[in-house]
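Shared between the two complexes below is chain A, which has chain B as its partner in the first and chain C in the second.
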Partner chain A sequence: MKSSRQRWVIRGTIAAACVVAVWFWPLFQIVPLEQAEQESLAAEAESFDPAAFVEKFWNEQLIPAESRAVDAQKLIAAIQEDHAKARKTRGRSVGLSSTYYYFISGTGRVTRVERNTVALVIRQGADDAEVLLESGPIFGNAVRDATGLLDVNDYANSQDFNRISSEINRRIEAQVLPTLRKVAVVGGTVRFVGCVQITDETTDLSPLRVVPFIAEAQ
Partner chain B sequence: MVRQSFLRILTTLACSLAIAVTGCNSRSRDHNTQEASTGASQSSGQKVAVVISTLNNPWFVVLAESAKENATKLGYEATVFDSQNDPAKETAHFDNVIASGYSAILFNPTDADGSVANVRRAKEAGVPVFCMDREINATDAAVSQILSDNYSGCVALGQHFVKEVGESGEYVELLGLVGDNNTRNRSDGFHSVVDRYPDLKLVAQQSADFDRAKALDVMETILQAHPNIKAVFCGNDAMAMGAYQALLAAGKDQQVKVFGFDGAEDVVNMIKEGKIVATGMQFPKLMAQTAAEYADKYLKGERDLSRKVPVAVELVHQGNADKYGDTGKEDAE
Partner chain C sequence: MLKLDRTHLARFQSLIALTVLLVGMSLLSDSFLTLENGLNILRQISVNLCLSIGMTLIILTAGIDLSVGAILALSGAVAAGLLKNGLRLELLGMELQFTVLGSIAAGLLVGAGAGFFNGVTITRFKLPPFVATLGMFSIARGLTMLWTGGFPVTGLGQSFGAIGTGVFLGIPVPVWITASLVGIFVLLTRRTRFGRHIYAVGGNERAALLTGLRVDRIKVAVYTLGGMLAGVAGLIVTARLDSAQPNAGLGYELDSIAAVVIGGTSLSGGRGSVMGTVIGCLIIGVLNNGLFLLNVSPFWQQVVKGFVILAAVAIDRMSAQER
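Moving on, here comes the complex of A and B:
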């Protein structure tokens, strides 16, 4: 009789211990799908924060790198003379690709303002637009890849590297392009620093399409 | 009594675990030995393993065969292992490759996170790994990763989509295998552009599993519900061909613009004929060749190799399709 009671006490204690253990460490949890998705997105954002990264990169690396940009007048002359040589000496490419980039700065006279571009003449006496400053939505990796300041090898995965591009483009749209659209008046002069992506040499070399990260009235 | 019951349960659990573990291992070992013997019978000098996520897709067959061909040209005995999109099979292949004395692995992973442990194990065993096309989420495991930039390729494709379709209208999207990294990267790249134009309305987004026949079925159903669409973006070229077939049968091939991804020869020809608008050209032969050359350089003592080599995806459209052949530029082949 006594031993039977002891057994029940032991069983009861084990059952109580199990209930307490499951209460504190449940085997599974049910959460609403929305909450799970939000937690997943939050965890993803926590692992790499492109906005914080670009904030630091923009102020500490990109803007101070302005002096390394190729002068627009010299680049246009070099491309006209021998575009293959210009690519070799002044261009930059990433990985295995026929696409390449120029990091460029200059001052030009506004000849035309369109919905997504501002056309500039750079050299005195030139009639046709030599540079088109992008003033609409910005896509691609021109600023990330043209300057040589960022290296894909420094990032655990290419999604993070692509998110840097998206964030740089978003920042240009939010902070640079409103100024550009304000100062872009036909006949006026604009100073710019930016990057060019050349994918198809038959169309992209003249005029050069520049994604500006600095644009101001001169 | 309680102790006896506890012991009984413990013994049962231990036996089940032992059976499960030994059962799994023996099956994997048999499978691996079979494939290893194929390689061993051919090998004489150093051996290179080509471990591919799946050979059930022609694009990956090109990648695998090119890797094998290039390794053979460089003087290695090369064997292809098919992981059949199964991380467990991939792990078994790595066990086998490490135990069988292979000198290097040219690797197309099944999972960006799940495959990292396999690569680390090979590294610890002194077998260098070179990733092709797909990425693993670690920079300290593989010697080099030669990667196709799906996201950026689809950004360019998205820009061309807006140029061709315009900034308003209804369109649909056919996704690849849900859960595949490339499905997400391609869709994300495309939407990073197209979603900026609020008047471009995505009226249907469905998976057709990268499969031509499924794409045909899915597109037929979508057309019944949405007869006024202006365009369809497909996550690969096989689905683009299936979608075009459905549009042709419904008499809507002139109304709806089709966009694909991969650079398959058939689609490049259809672009030249004006049937499909554009695709993103990937370069499996170039990636495989680069991986084999990197492995050769590494085995000969060179250590100054890039850890990541992005390979651009190029936009093929009606204005430049003449420059492209199957899986690459014609002048590059």
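Moving on, here comes the complex of A and C:
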């Protein structure tokens, strides 16, 4: 049994160790309110700006990467032949997720214009191949993740990475979709470059739903 | 001989179940038996394991804690809020800007405080643990909403983020943290007087009282430790997401109770172990991971998990009757 004196010595030693630790590794520092406010404003100015990032990414990386997109006709043929093989050779996944992406481009004739989609036939004949270009609100991470241009590990936190996706989608809604809706006339021809997000094996791949970041009349 | 075999079987039932699961999943999925996936599972179970270690101590005293998920959210939110925004003391014209260490300490203190409150309401006011911790569940959820205004606290920086996303010697930091806690609490329960007292209180509270144990004090200490471990879990979750979500930890209390029960700890107290809980957490983690790799719907995953819990409790009851 420890004596009362021994107990107090142990407690005193622990308390002294805590004081020394806090002296070397302080838990907080006291700052006057004015200084704290100035620091807060400065930090806000330096924080991640998704709009500025996407502006640069869009012009310097995304648009120049157009040539890397898989031809839509070839992709659809590959999916029809063996979708698992097509996923392996032409798709892209992030981590172990069941979601995967295709980065595609093509040209097609407009067959239908609906509220949130524009249907294009990209190969005519007995086996018409159709794609749907999204023309309504854009959700998901298709454009951010399909191209392979952005890596989550390059960002300080996942919030910034998610904000990039939202900003890309917002930019598509503001700049690409109005053009698409203008040029999407039944019978007209539209060239597109975009990305496809496929949630899992149960997703219907016919037709592919493409989020376009380039859409123009041909 | 038959009795001995049965006793051994009952003792190692969780381990046998885990082995069967590991072998089964390895055969069914090519991606399962890889180092990367193994570390993934360990990282995924680290939060539940932190909660479950505390829950094991509590259930060993024949108690229950329904507030650990809410305490997790509150601790994470307080730590994140103090780190990101500091603490403004308008009257004194100053602001306390918390360091990473300070915010961690605050998060743990909040968790321990909430657990202490649970312990006090259960022992002083003689409230059933179910009711007392249900009260704390609501209090902690409300306080989290008040503290965060209902919005996530984000952008906590890389130093804090290392708690959840860092890697040391090839192993994720949360796994190191959890492994250390397992070591500490295995020693605490097996090798210390306090550990023996926990079993004594859960085994027969009246007998423990009559032998002179300070039962109330032991219970308060156990609930405080449970709250503090929920605080650790809150810090890991917050660091991993780089944000404190007001709704973090919803339903986590059920997962931790499930892990404890699957691990062989008796809900009536006095019987079980921290190592059993580790196996229970691994079973849940392997099930979740394996079913995900096999593309089983998350809804079916819940159904399977429910059956596993029922089976674990049924086996526990049957072996208790045999004894």
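One rule holds in what follows: the second predicted complex is superposed on the first by the 163 of 218 C-alpha atoms of A that agree within 3 Å, B and C clash if a C-alpha of one lies under 4 Å from a C-alpha of the other, contacts with A are read in each partner's own complex, and residues count from 1 in each chain.
Just so we're on the same page, a residue touches a chain if its C-beta (ideal position, glycine included) is under 8 Å from a C-beta of that chain, and two chains touch if they have at least 3 such contacts.
Remember, it's a predicted structure, so these values are computed and weren't measured experimentally.
Undergrad: Tell me which partner A:T199 touches in the superposition: chain B (first), chain C (second), both or neither.
TA: first
Undergrad: If we overlay the two complexes on their shared chain A, which of chain B and chain C does A:S166 touch? Say first, second, both or neither.
TA: Only chain B; A:S166 stays clear of chain C.
Undergrad: In the superposed arrangement, which partner chain does A:W23 touch: chain B (first), chain C (second), both, or neither?
TA: Neither: A:W23 stays clear of chain B and chain C.
Undergrad: Of the two partner chains, chain B (first) and chain C (second), which one does A:I10 touch, if any: first, second, both, or neither?
TA: first
Undergrad: Applying the touch criterion given at the start, work out whether A:N157 contacts chain B, chain C, both or neither, answering first, second, both or neither.
TA: Touch status of A:N157: both partners.
Undergrad: Give one of first, second, both or neither to describe whether A:P137 is in contact with chain B, with chain C, with both, or with none.
TA: A:P137 sits against chain B, while chain C stays out of touch.
Undergrad: Does the superposition put A:V31 against chain B (first), chain C (second), both, or neither?
TA: Once the two structures are laid over each other on A, A:V31 reaches chain C alone.
Undergrad: Could you list which residues of chain A make contact with chain B in one structure and with chain C in the other?
TA: 96, 98, 156-159, 200
Undergrad: For chain A, which residues count as touching chain C in their complex?
TA: Listed in rising order, the residues of chain A that touch chain C are 25-33, 36, 47-48, 96, 98, 156-160, 200-201.
Undergrad: Can you list the residues on chain A that touch chain B in the complex?
TA: Touch residues, chain A against chain B: 7, 10-11, 94-99, 137, 139-141, 152-159, 162, 165-166, 199-200.
Undergrad: Would you mind writing out the residues of chain C in touch with chain A in their complex?
TA: Going by the criterion above, the answer is residues 31, 37, 40, 82, 86-88, 90, 93-99, 101-102, 105-106, 154-158, 161, 241-243, 292-293, 295.
Undergrad: Within their complex, state which residues of chain B touch chain A.
TA: Per the stated touch rule, the residues are 1-2, 112, 135, 137-139, 146-147, 149, 151-152, 155-156, 158-159, 185, 189, 192-193, 196, 283, 286-287, 290, 306-312, 314-315, 320, 329.
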